[in-house]
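In what follows, structures are represented as structure tokens.
Below are two complexes that have chain A in common, paired first with chain B and then with chain C.
Showing the complex of A and B:
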């Protein structure tokens, strides 16, 4: 019998216990990975290189306060600005839905074309979209989710604007970080609203990431002390701002993860000490046969490490498979778009499990080391 | 049925190490469960606790929150002369047209900005909300750029202390007082003069109208009349109903509590099972002895179930106490939590609440974990054949 098979036999001789331990470690590891992923998804927006090239300009008071449309001529002339379009969040409910499950924006289609860098036209034609004032430009995910095709109508009930929209799909895009949005003509919104002469935000593209900060400073400066002061920031900073509004969520998830890890430690430590206590007599026999303390510690460590590793493998692998295979958008009703279990998070989970295996071996190993052979042989259970 | 409970009790003490680990594990699970439920409860309470059942709130049809609603001056003037609105001593109708704006302000911790709700109220609006009382400083003077903020909100934002300034674009508002909204949604708001707010934000429309009908019958009539009026296209409902519908913010946290509760309890059940199986295996001979002494199989099952659920219950009590301790700490230190309200996009301030019924729920939850975890081990203990059990070492 080799050492390896000796350890494996020992670990599996109480199959029920081995299974329960592995499963409880797996559940906790899976939970930990899920929580860490949730935290990451809520705090780090999906990265896109183009996002650092795009700048969103909003009213300094808040996002809800509109900007005067006449600012366009000033923004356009700012050095470093390559393209600019009005960008107004409509916030309508699709069909009979009672929540806004994806965003709609009013844009200037001809200008907006230069702002979409990473996406491509998957279906229909962008020129048709530009020509027809009552048409819209829709993300592929939304098309798929509702089984829509080119030429279909989309009806929205306004929750912020007191108007309803009836839009014809003429083009479809794909390949952006969020393929859900619907874009339509700002002219149509202006008309329905009686030409108020306002826009929600300005969406602009800068020549390169290096000049982004200069452009932002210039835009802010251009409207300083005017009736509508603005705040310009990169798309990424804008998203981060939204996330910071979630408040204490990050801390909340962090502390829950800590509790999960704590519980995990308790479970494995107690299992390992039970497993070793049962075997005190045998370990004493091994000692009497001449095995050294370090060797006995090695046996115990290998066993607890092996069980923890197996649990981690099942838990982390299982949660990865689960979150990769399910249709998340359907499950969360559009609340979460991505739930990517990154290698980094999996590595964190695995590290926790490895430390766990080591920590839970220490207590029993010390007890074994401290017990003399005679005492050990006398132990009854 | 005679139960060897004394035996179980002493056993728990003898094997104290395993006992402590089991109890602590379950305590952690229960504490998380109770705290998360308490959080959802706190958010729900802040909106469920808002408003006066005698008031009607009117917003635009189709809008989900006051901040996204528009009521024109003309609509307001039409509403003002509707029949059935209560009159004050001066013979004026008790009605208030208000403006709700979102203003972004820097967080106190220096961690970026968040949106806050700024409400332009009239004298009538303050009479209609007796829930809100001045705590410190004074009320704003109409016609001045002064603002009174909720005490709880003030604890989360920089410059919201008395004498501080809130920037609204090029305009500055001076904070002159703090009010207490007694745990209602108003605890997440800042109030100023309605006309002044309209001039600052350059609005000729209002966001909502709050009014007090003469009596219950007039209330029903008014709601029906406003709803039916195609020309107005407004939605009227009881103020309390409007706010109790705004509890959507608590939904994600409730889901999280549910999901974690299930996942963590699965882990806890397995851990409890493990402990109980081990203690059954270690006590095979003792169980055999008990059977020889005349205790029935059923008695053995029951006493192991009692042992398991009792241990779990200790964990549950400890966990609930822990959750209550966190709650007490937060209350004493006056810490307020905030999250984004997905309907108004403004920060909702809340405090989580750990109530006796939640603690009881936590303990029941732990007993359920204990029972589930000790059922199979108990059955195994009862099924051991007496002779071989006695022979085993």
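Showing the complex of A and C:
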């Protein structure tokens, strides 16, 4: 017999309780990892090198307010701007869907080519897309999800604009951080809307990340005191603005996570307390045989830590496997594109479980340390 | 020349505090126990016999006075030193056996040896010897719940013996046993004093059990009466 086998036998002496403890730690750790991953996905948008060079210009009043199309001639002349395109969110429902499960944007195809430099043409021809104003340029994920092919039609029912779109797929892209979007000719939207002379936003690419802040300042200044003042911001800042519309997600998820951890502490502390209380006399016997307080604390800690670690392994590993294997886009109807359980999140879950193992051992260990051999021997007599 | 006493108790008192009342468990007790003796402590409940046994065994501390075992004043040892001392010098036999239910008989006997520097093989050898001494060499792989009360108590005696301590303390070791098993256990304890030179101090209420001892001491109200 070794100390390790002695600890293992003690930990598993009540198999049902040990199993329930491991399962409760596993479920809680899995839930914690899921919440932390959700928080990350909602609050940290995907970044790419190209995204750091892109700037979005919107109406200073609100994103819902359009901008005059005539601003283009001013924007494209601003030093540091190397490409610019109108970028108008259409927000239509595909086929018979009742929600917008992926975004559609009206762009100037010729100008837009210089903006999504990280994207590759996976199928069809971008030149064909440029030539046909009823065509669209579709992300590979959306093509795959709906089983689409080049030449297929995509019909969108407008939810923001009072018009519907009937677009022919002529090009497919992939390799961007979000390969779901659909891009079509702004001219088509203009025609359908009676040429209002407006765009939703301007999408710019700047010469380098070093000049991005200067360009933003110049764009803002260019339309200062005009009838359509603008607010320019990096793509990342723009995405973060969207996220803020969801409310204080970070605090909400943080609060739920705290409740999960707190409940987990109560469960494991209670379990360990029960397990040790039942063995008070045995521990007193061990003391009588010559085991010291530190050794008994080691036994209790190892037992508690072992159960928590096993639960964490099952919970965190299971969570990682689950979120890696399932089709999240389908499950969330396109709301979440990625749900990556990162090593950092798994380490956080493991740290919580480790702390849990230690914290739940402290109470019972102190109780054992405070109790004399004689008192301990009397406990269950 | 008289043999050296292994236990020397002088002017030993133990006072417990129960609420606002002081309860005198031992009142200026003095006694000597010679190596190889089988001393039986008798007396009514609350007479202080178990308290005296606990102090001699180093699991309780006196309020005043001294208890020296093999020349060491155990009251002066700190918690950690006392734990080491118990491991090396005292074997315990309890009324309710107090074996660890998830361990086999051999593993229970091996427990005190985990604190020594012995190798696994050396430990197993000593465990086997101890089990042979109590007549349970073939029951080492049995768990306590697969054994009778008498067998469990013999395993407990093997556990008390396995570190080869000079002193064995037994607190009502036959209290939970039938007459036959009690006789077997007491015979083993007596043979340990006669053949292995161990010193046994046993607490009992039972005069028949006391008859196995070489000397009986009666305690009344915390004092040795005879």
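In this text, the second predicted complex is superposed on the first by the 380 of 381 C-alpha atoms of A that agree within 3 Å, B and C clash if a C-alpha of one lies under 4 Å from a C-alpha of the other, contacts with A are read in each partner's own complex, and residues count from 1 in each chain.
We adopt the following convention: a contact is a pair of C-beta atoms (placed from the backbone, for glycine too) under 8 Å apart; a residue touches a chain by one contact, two chains touch by 3 or more.
For clarity, every value in this text was computed on a predicted model and none was experimentally measured.
S.K.: Which partner chains sit in contact with A:372 here, chain B, chain C, both or neither? Use first/second/both/neither.
M.R.: Only chain C is touched by A:372; chain B is not.
S.K.: So in the superposed three-chain picture, is A:291 touching just chain B, just chain C, both, or none of them (first/second/both/neither)?
M.R.: After superposing on A, A:291 lies in contact with chain C but is clear of chain B.
S.K.: Tell me which partner A:145 touches in the superposition: chain B (first), chain C (second), both or neither.
M.R.: Touch status of A:145: no partner.
S.K.: Is A:168 contacted by the first partner chain B, the second partner chain C, both or neither?
M.R.: After superposing on A, A:168 lies clear of both chain B and chain C.
S.K.: If we overlay the two complexes on their shared chain A, which of chain B and chain C does A:60 touch? Say first, second, both or neither.
M.R.: After superposition on chain A, A:60 lies in contact with chain B alone.
S.K.: Considering only touches as defined above, state whether A:227 meets chain B (first), chain C (second), both or neither.
M.R.: In the superposition, A:227 contacts chain B only.
S.K.: Which partner, chain B or chain C, touches the larger number of chain A residues?
M.R.: When the residues of chain A touched by each partner are counted, B comes out ahead.
S.K.: State which residues of chain A lie in both footprints, the one left by chain B and the one left by chain C.
M.R.: Shared contact residues on chain A: 381.
S.K.: Considering only the defined contacts, which chain C positions touch chain A in the complex?
M.R.: Where chain C meets chain A, its residues are 54, 57, 59-60, 79-80, 83-84, 86-88, 92, 94, 96, 98, 100-103, 107, 110-112, 114-115, 120, 159.
S.K.: Write out the stretch or stretches of chain A touching chain B in their complex.
M.R.: 14, 16-17, 20-21, 23-24, 27-28, 30-31, 34, 59-65, 91, 157-160, 162, 225-229, 240-241, 244-249, 252, 256, 259-260, 262-264, 266-267, 269-271, 273-274, 278, 335, 380-381
S.K.: Spell out the residues on chain A that touch chain C in their complex, using ranges where they run on.
M.R.: My answer: residues 1-3, 6, 9-10, 12-13, 281-282, 285-293, 295, 372-374, 377, 381.
S.K.: In the complex, go through chain B and note every residue touching chain A.
M.R.: Per the touch definition, chain B meets chain A at residues 17-18, 21-22, 24-25, 28-29, 31-32, 36, 39, 60, 62-64, 67-68, 70, 101-104, 107, 111-115, 167-170, 201-202, 233, 252, 260, 263-264, 266-268, 270-271, 273-275, 277-278, 281-282, 337-340, 345, 347, 393.
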